[in-house]
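Two complexes, one shared chain (chain A), two partners (chain B, chain C).
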Partner chain A sequence: MTREKVTGEVQNIFRDLFDDESIVIDDNTTADDVEDWDSLEHINLITSIEKHFSIKFAMSEVTHFKNVGNMIDTITTKVS
Partner chain B sequence: MNELLAYPYDPELILKRKKRIKKELLSSGANFTGKKIAILGGSTTHDIAACLELFLLDHGIKPTFYESEFGQYWQDAMFGSETLDSFAPDVIYIHTSYRNIADFPTINDSEQEIDDILIEQYRHFTDMWATLRGKFHCTIIQNNFEMPFFRLLGNKDASDPHGRTNYLSRLNSMFYEYANSTDDFYINDINYLSASYGLQKWSDTFFWHMYKYSLAVPAIPHLAHNIANIIKSLYGKNKKSLVLDLDNTLWGGVVGDDGVQGIQIGHETPMGQVYSEFQEYAKAHKDLGVLLCVNSKNDHENAMEGLNHPEGTLKPDDFIVIKANWENKDQNIVDIANELNILPESLVFIDDNPVEREIVKAQVDGVNVPSVGSVETFINIIDKSGFFEVTNFSDDDKGRNDMYVANAKRAALNKTYENYEDYLSSLEMSATIADFETIYVPRITQLTNKSNQFNLTTKRYSQSEIESVMDGDNYIGLYGKLSDKFGDNGLVSIVIGRVQETALHIELWLMSCRVLKRNMEDAMMDELICRAKQRGIETIIGYYYKTAKNNMVSSFYERFGFAKTSENENGDSAWELSIKDYTNKNNVIKVES
Partner chain C sequence: MTFTTLYFLVFVAVVVLVYLLLPQKIKPHFIILASLVFYFFWKAWAPVFIIAFALFNFVMAKVLAKQKSKKFFVLLMSVSLSVILFFVFRYGIFNGIIAAITGGNTIMILFPLGFSYYMFKCVSYLIDVNNGTIAPEPRFDYFLIYVTYFPEVSMGPITRAVDFLPQIRIKKVIDTTALNKGLALVAWGFFKKIVFADMLASMINPYYNDLTLSNNGFAWFFVAFGFLLQLYLDFSAYTNISIGVSKMLGYDIKPNFNAPFFSQSISEFWRKWHISLSSWLADYVFTPLQFLLRRLGKFASIIPALITFTLIGVWHGGTSSYLVFGFSMGVLVAIDAIVARKRKKLKKTLPKSLFSTVGIIITMLLNILVFVFMRTGVAADGFAIIDKIFSFSTWSLQLGFGLEFFIIFALSIAVAICSHIIESRKDKFLDGFARLKLPVTWLVYLVVIFAIVLFGYYGPGYDAIEFIYIGF
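Then we have the complex of A and B:
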């Protein structure tokens, strides 16, 4: 799966989870940019992504996510 | 019922869509009952509250939450917090787990030392429960413990007192004894839940170390669903009747085509066995007070032959209403609800055919039609749905089926009388009407929480609130029991009046619909007014609070000659009667008081 395709699908997960169709993400997006993206919703975001791509993040990976770009890199590696 | 919340649901989808589901539920126009729920957690509880809210809203209960700060369940309970104190919860849910066990036995401990540790751990909880009960007088729901996710002693962990598995099993048993001997205290069985979900997935340590969740986040909807089932059961939202299709639901094959010899039921073949197991499961519900009915497209005669199959467990006598005809099934469902005098939302309809299920679901508002799959999954889906969650099991529940059968006989008798009063007299009714007594407190509480139709204020009471009424000088609390020549209807009516100077304010007046049109309300009013006069009361003030379900009593007070003193736009009204010249109304029931 290409990085672009992963980004698109992750964006859909964001829109679904935060119930906001106008969300647009890029590599530099962080929790500050999305209303309601707090530490508690972060858990559901990670879980939704894992379910969607049928992958499992290691604890060390999750603790190193700094922005959406990191996250998409990790997902892309795991699904390819 | 929200489709996404109906078992078997997709837990991940619930978590992902929870905001949207909540919006949908809130905009459904349902008439919500507000409840205050305090969640005292030994680990993170955020998503538990969020999911619990969805399931409760789906049952018509609108919760507001107090959540303790992370892991502060015990401190909150023992030392209090201003927020919690002023919150005054209706329900306290204590979410503890394996992660909250302070002390496990070590391999060097003697059995005596292990017993001491165990009792110390148990006391940690009993102290907390006692403090909470003393302070809040409300319902407490307490998790038991899931089994540990590793076994130091391997298989011996289960049997040896040094094993954590053994230790937690013993602690769980102590919790159960407490629950069995304590009113208004319920166990949320996460031990079963985690086993059913898969303990390894449930206790995924990733979620503990990352987020301090004691269970995997995708398991949270199951946990919330389980808690919601206890709460909705306590507030009278259980379902009352199981309505069953026949062909390919209670037996394999079509009795009209295959003949009674050709249908599959009994212990001779695998297909026969699976239907027998389902029949036994359905029949066991009858003993719990669930009313069994049939809704089948069949000639009546064929249906009866099928039900009289020698290998069958369920017999025609096990059912209250049998609709085996060529009407549409949605029409039959409506008729069954009417004959039982209950609302369609109290019915659960089981049919193997998705088309029939769809029609019933679409045509009859509120009726529960689970997607039961095929016969081998029926039991799992009905059971996990929690339609009939048992919280307080009274003798009345056991006898309910007999009462409905007796009702059917009374209805038959009714047809032979010209004059309704003659008919009532012929029933040879006798009633006991008396002040609240301790032995009836559970039944009284149960009734206040589940009566919707003949209920003037729909005020819900906890067991401790009923006790306060019973013991309070400024209250008159009356219960009424009614029996007749066909049987005992049990405790069927409750009135609670609050004395204020020379007026009596009726805060609650309810009656079970199984004794509608029997003039029991006349007998209750006579007795209430008699007692009011003895206490020097001059005026009775009655209130009618309109709900979607209690229209049948909108002119209740008018019938007794009360004058309307106010009426709101929403249909609520207040009524007043000077009792000086009141004359008794009842002349068909013999009353003992």
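Then we have the complex of A and C:
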């Protein structure tokens, strides 16, 4: 799966989870850019991504996510 | 040496003056000396304990970094030892053992001042080294500064090694703007503590010391509200002084409060109150537990919330009221997690100002009630006060307070709101103060000094009331 395709699917997960069709993510997106992205929604986001891509994150991977770009890099590595 | 004493002011003045004049190379070692002297003033044996504790963690970090296998086991052993030591001191187990051996002759071994705070510093340092977030500090003298640093040693903030250690290596030059900002924070802290926090304490303490003093539920509501105000003014004042002294020494410490009473939920409150502790627990307890339980849906947040906040309660002290305080906060945060989605939907349908005002009022009322348990020491007393507050038939406007109480109360609210506005504007307020012309700056300082002299809670026989959080 290409990085672009992963980005598109992660964006759809964001839109479903935060119930907001106007969300557009890019590599530099952080929790500050998405309303309601708090620690509770963060874990829901992680779980939704894991289910959608049938992958599992390690705790160390999640704690090192500085932005959506890091997250997409990790997902792309895991699914390819 | 309490921060709001003349001794401390003289100590800081001498330390800052000498520090600024010393050559760069000696500056870090002078901070160690000053910190150990500060700690020595508490108890003569205390510097030995803190050096030994720092050395243990310094060595274990090096071991962890070199360890190829069984890293987690080494980490677990090191952290467990610190935590066990914490509970042994906290619950006076040493005293019990000595009494058992000597047949009742007890030697009081006190809980080392600030151990709760520098233990957290060391534990997070070891976890961060283990996770590769930071490299182990190669110099013990620098690590010793981190652990013993006198503006933080007694009550925090719990600054992370990753934020502090690199600052030791930055060249410290005489910076009049930083000195001015630091002095302004110290003066603001003194003003909040001596004029308001201690004055409020003197008015509400008689009620907490004698629960029969009033049967009016409305009066007890004011007393409970007064303690929450006192706690904020007291602890935020300490933090202002701590950060102010650090600024004068050339160290930037992250804020510990960010307008907590403007929070619209209990979860938000804990992101803005005692930030260095709550973010520590969020990073090292709540988030790992939440991640571990992530497949359990809402329980993935409920269980970690209950565990984390119960730990906050136990960290404060070994009494039933702290346990009730922590567990109640855990329940409230868990409820926040359960209703989070509904709240968000409601937020979209209601006018923004109405939603935020109702949120702030509800959060404040819940805090007023739960923080009663932080004050009482015994859970039964806390429940008795809650019972009095909820006995609405006893509510009367004949509160039994003098005019002075209401004046102090109203002014304390005004000062707390000012403090919140300053916190929410981050550094803008301090930057603006530093840009004022020198005569204006000194005029402000003179007004503060006169306010403290004229209205401060002191006088013949006055002994500065200890900061509340120094007991934790």
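As a convention for this text, the second predicted complex is superposed on the first by the 80 of 80 C-alpha atoms of A that agree within 3 Å, B and C clash if a C-alpha of one lies under 4 Å from a C-alpha of the other, contacts with A are read in each partner's own complex, and residues count from 1 in each chain.
Keep this in mind: contacts are C-beta pairs under 8 Å (C-beta built on N, C-alpha and C of every residue); 3 or more make two chains touch, one makes a residue touch a chain.
As the structure is a prediction and not an experimental result, all values here were calculated from the model.
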Touched partner set for A:48, first chain B, second chain C, both or neither: first
First (chain B), second (chain C), both or neither touched by A:68: neither
Partner chain in contact with A:60 - chain B first, chain C second, else both or neither: second
First (chain B), second (chain C), both or neither touched by A:6: neither
Partner chain in contact with A:34 - chain B first, chain C second, else both or neither: neither
Partner chain in contact with A:16 - chain B first, chain C second, else both or neither: first
Set intersection of chain A contacts, chain C complex versus chain B complex: 19, 40, 43, 47, 59, 62-63
Complex contacts: residues of chain C adjacent to chain A: 131, 267, 282, 286-288, 290-292, 294-295, 300-301, 337, 340, 344
Partner chain A, residues of chain B touching it in the complex: 12, 15-17, 19-20, 23, 46-47, 206-207, 209-211, 213, 217-218
Sites on chain A touched by chain C in the complex: 19, 36, 38-41, 43, 46-47, 50, 59-60, 62-63
Touch list for chain A against partner chain B, complex: 13, 16-19, 40, 43-44, 47-48, 51, 59, 62-63
